[in-house]
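Shared between the two complexes below is chain A, which has chain B as its partner in the first and chain C in the second.
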Partner chain A sequence: MAGSRTSATEVIGRGHPWLSLAPALGVIAVLFGGGLVLGLAGSFGMGRGGWTFEPWLAVLSEGRVWRALGLSLWIAFASTALACGLGLGAALLLRRRFPGQGLARLLFQINLTIPHAVGALGILWLLSQSGFLARLAGGAGLIDGPAGFPALTQDRHAIGIIAHYVWKEVPFIGLILLANMQSIGDDPEAAARSLGASPFAAMRLVLLPLLRPALIRAGAIVFAFSFGAWEVPVLLGQSAPPALPVLAWQRFTDPDLAARPEAMAIAMLIALVSALLIRAAFAGRS
Partner chain B sequence: MTRLTLDTLDLRHPGTERPALDALSLDVADGEMVALLGPSGCGKTTALRVIAGLIAPDAGEVRFDGVSVGHLPPERREAVLVFQSGQLFAHMDVASNVGFGLRMQRRPKREIAARVAEALAQVQLADLGHRSPHELSGGQRQRVALARALVLKPGLLLLDEPLSSLDAHLRTEMRALIRRLQRETGITTLVVTHDQEEAAVLGDRVALMLGGRIHQIGAGAELWNRPADLEVARFFGGCNFIPGRSANGAFDCALGRLALPRAAPAGEGCLTLRPEAIEPGEGENAVTLRVIETRFEGLLTRITAEAAGLRLEALMRAGAARGAVPGQDVRWRLPREALWVLPGV
Partner chain C sequence: MKRMMAGLGGALILAGGLAHAQEGDALLDMSWDEIVETARGGEVNVFMWGGADNINAYVSDYIGGQLEDDYDITLNRVPLTDTAEAVNIVLGEVEAGAAEGAVDMIWINGENFRTMKQGDLAWCGYVDKLPNADLVNFDNPAIANDFGTPVEGCEVPWSRVQFAFANDTARTPEPPRSIPELIDWAEANPGRFTYPAPPDFTGAAFVRHVFTHVAGGADALIGPFDQAKFDEVAEETWEILNDLEPHLWREGRTYPTSITQLQQMFANQEVDLFFTYDPAEVGTAVANGIFPETMQSYGLSDGTLANTNYMVIPVNAANKAAALVTQNLLLSGEAQLEKAQPEVWGAATVIEPDRASKEVQAGFAALERHPSVVSIEELGQAALPELTPDWTSKIEDGWIENVGN
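Our next item is the complex of A and B:
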């Protein structure tokens, strides 16, 4: 029958796929690509009288930038690793059927709806040296004053920032993995058990490898966000060195407009490092 | 090799009205291959999972060689379950899939490699060890799943619809392969299927499961021709049920007195015979009926005819069916050996 020769692509959208994608790609190219191109051009001094490598040279030769990059990498790696580990553990616990499972899942996911800035203020209120935990410790006579409580916010190791990202991203990772486990089902593990694998071996050798692609994808999103976002490090981070996005933001809002190209260069550096690391993570997968 | 006993297993899935297993009892002898046959939803896959230890029954016992295995987790049971979909591990190549169970037993690498090669040769896939599962055809995948179970030399092999995902040609081939491997290895095997023909070909005995329990177990032909009850007869396509009374080797009913085969149950009941057993012409047990309808069904023609308010359906080849014209009378012979009585129906 001639009618049955119509292929799926023809049914979904006649013509070349690129043509069908053009409207969506156009919007993305203008909004996202345009911003990137303008930022890149700005970092080479465009709009300020000619092309120059000076902003890049200034940024790359500045010790503060490298320290900020190191801090941001630490924040992003630690947050991603902890969020992936805890999110995986939570998903493994929550996939079992138990009474009140629906409520447990709801509570687990509820902080997905809370904005980052609000969450960061909550962390500040909870963990700072004048925060809730410090007051509890003081009330219990464990510490003499605010200074006796360990510095968990505005601290050298960015513990407050990492705590916030972990708190915020564990449900995200968990949600993605739970959906993934649902589509995988119990059968692969059951097959492994029947072939002689212990519950732990079945999880480690069969379930985890099946979850790996989803975990890497979700982890890449967490990494990109915690590496590039500035509002949480602004609220919870120390000032010297600041996280790299905070440095870019400071340069960008500097009254001295001459700092703008440097801000652009730092922003481009963030995008570049982030893209390279995520690319490496995906390449390592296959 | 292992003798399998299921002793009055009960299981109800939470939130369902009908039990999945209802006092299910079954004995599979050492080295025997039994086909567990039933329509979808009759609980046969659930039974397989209970035997494998993947689901715990609400009541009753599973015994291997007479010893209860209820307390043993799946990995410590002498049974290996081959899933309907094969469930090959997509992230491992074929050889690692087949060697998975041996790896769990912490066998030396060299032994694993040798036994994997042997198992792949058994299922005629000797050269495909390095392939990844998604590079295999459906039939090859199913054979790898089979090799992955056989390499462990289990006491009991559980096959869940092993042929249902294959096309007709591969099915015949795979059926022969399963049959041959079972004969060669002598592994006690329980194979679940919804396909009557498959059950008859594969099973030394066929166990018909309906509504969570075994209705009848025996050689294939026995279930077809000597059904234990109305539901068994209906499942195998029985459509002729004539009420009456059986006594002294004869059945009295509206069609008259019909001679019965030896050992037919006596008493009030229902006479049944398969539609394809009816023959046109004179002889013993010949009756006159008025043809109501004929329907062409490919190789065979289904003829509905009536006498004394009773309807009979016959399936005949084109030549034999030619004499049947709606509205006219026909003489049909109901062969004595094809008759059977369902007592108390």
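Our next item is the complex of A and C:
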């Protein structure tokens, strides 16, 4: 059978690489690039009668926007750092061979399939002041009422939001690192060990530097998502300051048409800050 | 180049505008029977807030079923979390010159309607084509004005609502019954009251109650926006609300972000007062077991805000004939009576029952409300007219800047 007909990969692989990539690149350019260009044009007042810098000036001179930016940066940095640290630790534990390893790996990655909004609601039911833990504490007589339970959702430090992102992204980071370790194999570490390195030194000086590129790539994805996503902070966030994407959404749904260009400017600000920080992370790698 | 682009865009918008104006004009020249024949076999896309299952079922099953059976029209209900999303769709389409828009009807009122009217996004001038429009008293100022914006034949009324407070009589036997009482009550019961932060619709309406109280009543705020008056009233309002903060839920450091969150917090006994712009929701929540049987809703002695909500047809709607048939059905005595049944929705009607058939009149006379829902007559004794969008948006922005930071 094989060889008698031209396989699909051969057809796709034929011709110039750019030609083969054209369908995928076309979709990205039209759907993603098109949206980005329209959003950028909208932030300069296109469709509202003439080009203007006013929406950007208004957004950049507003204290609320900067406070929202600060909160979103805190959420994204804290979530990424915790998820990377825990994900790395989990991957190092899970790569060892032990009885029940398959089950442990399955349990580890099971929440990858759960949508963020569902996870956020779960966090709400678990951690809020009238949530499951608060009810347990109340039942045990530790607190008098909901107000006695520490504020872990809709709280000033965004603990609920960060808890959700860490819960959701640790398996993602861990899975990418596990795959990466599999392709690196045991050889580099074994070589270091045979040259007299301790197990810890072999891991720190050989394995970790080899994992770094994958960790930065996975971390960048987590950062971009937790910085730019709207559904988790809208469910678990406090009222003021809102996370930057929530603020953009509020402006976008403001009945006053004049607020639309500002919404676009905030959305573009999210994309810009995210792109610059990720660029910096990749630059720092080499 | 820039000018050329702008000119091109303008021409496109103009051409699009002309195209849908023509289609609408053709309908207006038809008799009602011809409109119904044009609509037959088509579909209508209704965009509406989708947060209440009973309302969704009424529109999809009751209205959608009748459209299917009597006119062979398919009703597609598109749920929204915020009505401005649908306005955004229409705005984007009209800007792009799309004559055949995706939105045929939006459940709307207030600022969103003003936005559509200002942007020439609403189709106007068809209301007297609807046979059932005769059941509505369009001379009633509460129907002729949508949050102070004259309706002028650009939308059709659907229901009336009036703001009410609610409490659990087992937990809070003596709830506060005026804004000053409420402030004293909140201070005496620290942590047991809060309100959703504007721009949440219901939270903003609560802030308007305090604002109206400070102004000395709704009469002082009627008419066009008055900056001097606003500054004077706003300063005192923000002071009252800021002084209240230490006594609120979480010492006012944060507020719930939606009325749904406040409803859950009330159900979970985190707070002791609830309020809603649609008291029928209290009955629904009791029936669903979210609120206890001992729930009651009530108005304030100094009055609560009331408004009418409407259905609007966008200027570029692709299925205008089917939308007209749907609007006519929504206004029929039978559909309005069904909507007023407490187990269906319990929504107050916009028609004059005595203009409807004998059966419908008898049906309205026999309506029984849910014991937890305050009667519309009792509430209506102290109804405050809604402020115009200039006032409401200034109050929202002022709260965010001065209180909610």
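Convention: the second predicted complex is superposed on the first by the 270 of 286 C-alpha atoms of A that agree within 3 Å, B and C clash if a C-alpha of one lies under 4 Å from a C-alpha of the other, contacts with A are read in each partner's own complex, and residues count from 1 in each chain.
Just so we're on the same page, a contact is a pair of C-beta atoms (placed from the backbone, for glycine too) under 8 Å apart; a residue touches a chain by one contact, two chains touch by 3 or more.
Small disclaimer: the values here were computed from a predicted structure and weren't measured.
Visitor: Based on the superposed arrangement, let me know which partner A:F252 touches: chain B (first), chain C (second), both, or neither?
Guide: second
Visitor: According to the contact criterion defined above, which of chain B and chain C contacts more residues of chain A?
Guide: Larger number of chain A residues touched: C.
Visitor: Between chain B and chain C, whom does A:A24 touch in the aligned arrangement: first, second, both, or neither?
Guide: neither
Visitor: Using the touch definition from the top, say if A:A240 reaches chain B (first), chain C (second), both or neither.
Guide: The second partner, chain C, only.
Visitor: Between chain B and chain C, whom does A:A283 touch in the aligned arrangement: first, second, both, or neither?
Guide: Neither chain B nor chain C is touched by A:A283.
Visitor: Please work out whether A:G145 is in contact with chain B alone, chain C alone, both, or neither, and reply first, second, both or neither.
Guide: Touch status of A:G145: second partner only.
Visitor: Tell me which partner A:L103 touches in the superposition: chain B (first), chain C (second), both or neither.
Guide: In the superposition, A:L103 touches no partner, neither chain B nor chain C.
Visitor: Quick check: in the complex, which residue numbers of chain B touch chain A?
Guide: For this pair, the touching residues of chain B are 49, 52-54, 73-75, 79-81, 83, 85, 87, 89-91, 100-101, 104-105, 148-149, 152.
Visitor: Applying the document's contact rule, which stretches of chain C touch chain A when the two form their complex?
Guide: Within the complex, chain C touches chain A at residues 2, 6, 9, 82, 84-85, 87-88, 91, 95, 110-112, 114-115, 118-119, 191, 197, 199, 249-250, 253-257, 264-265, 268-270, 389, 393, 400, 404-405.
Visitor: Can you name the residues of chain A that touch chain C in the complex?
Guide: Interface residues on chain A, with respect to chain C: 47, 50-51, 64, 129-130, 145-147, 151, 154-156, 234, 237-242, 250, 252-257, 260.
Visitor: Quick one: in the complex, what on chain A touches chain B?
Guide: Residues 187-188, 190-199, 201, 205-206, 209-210, 212 of chain A touch chain B in their complex.
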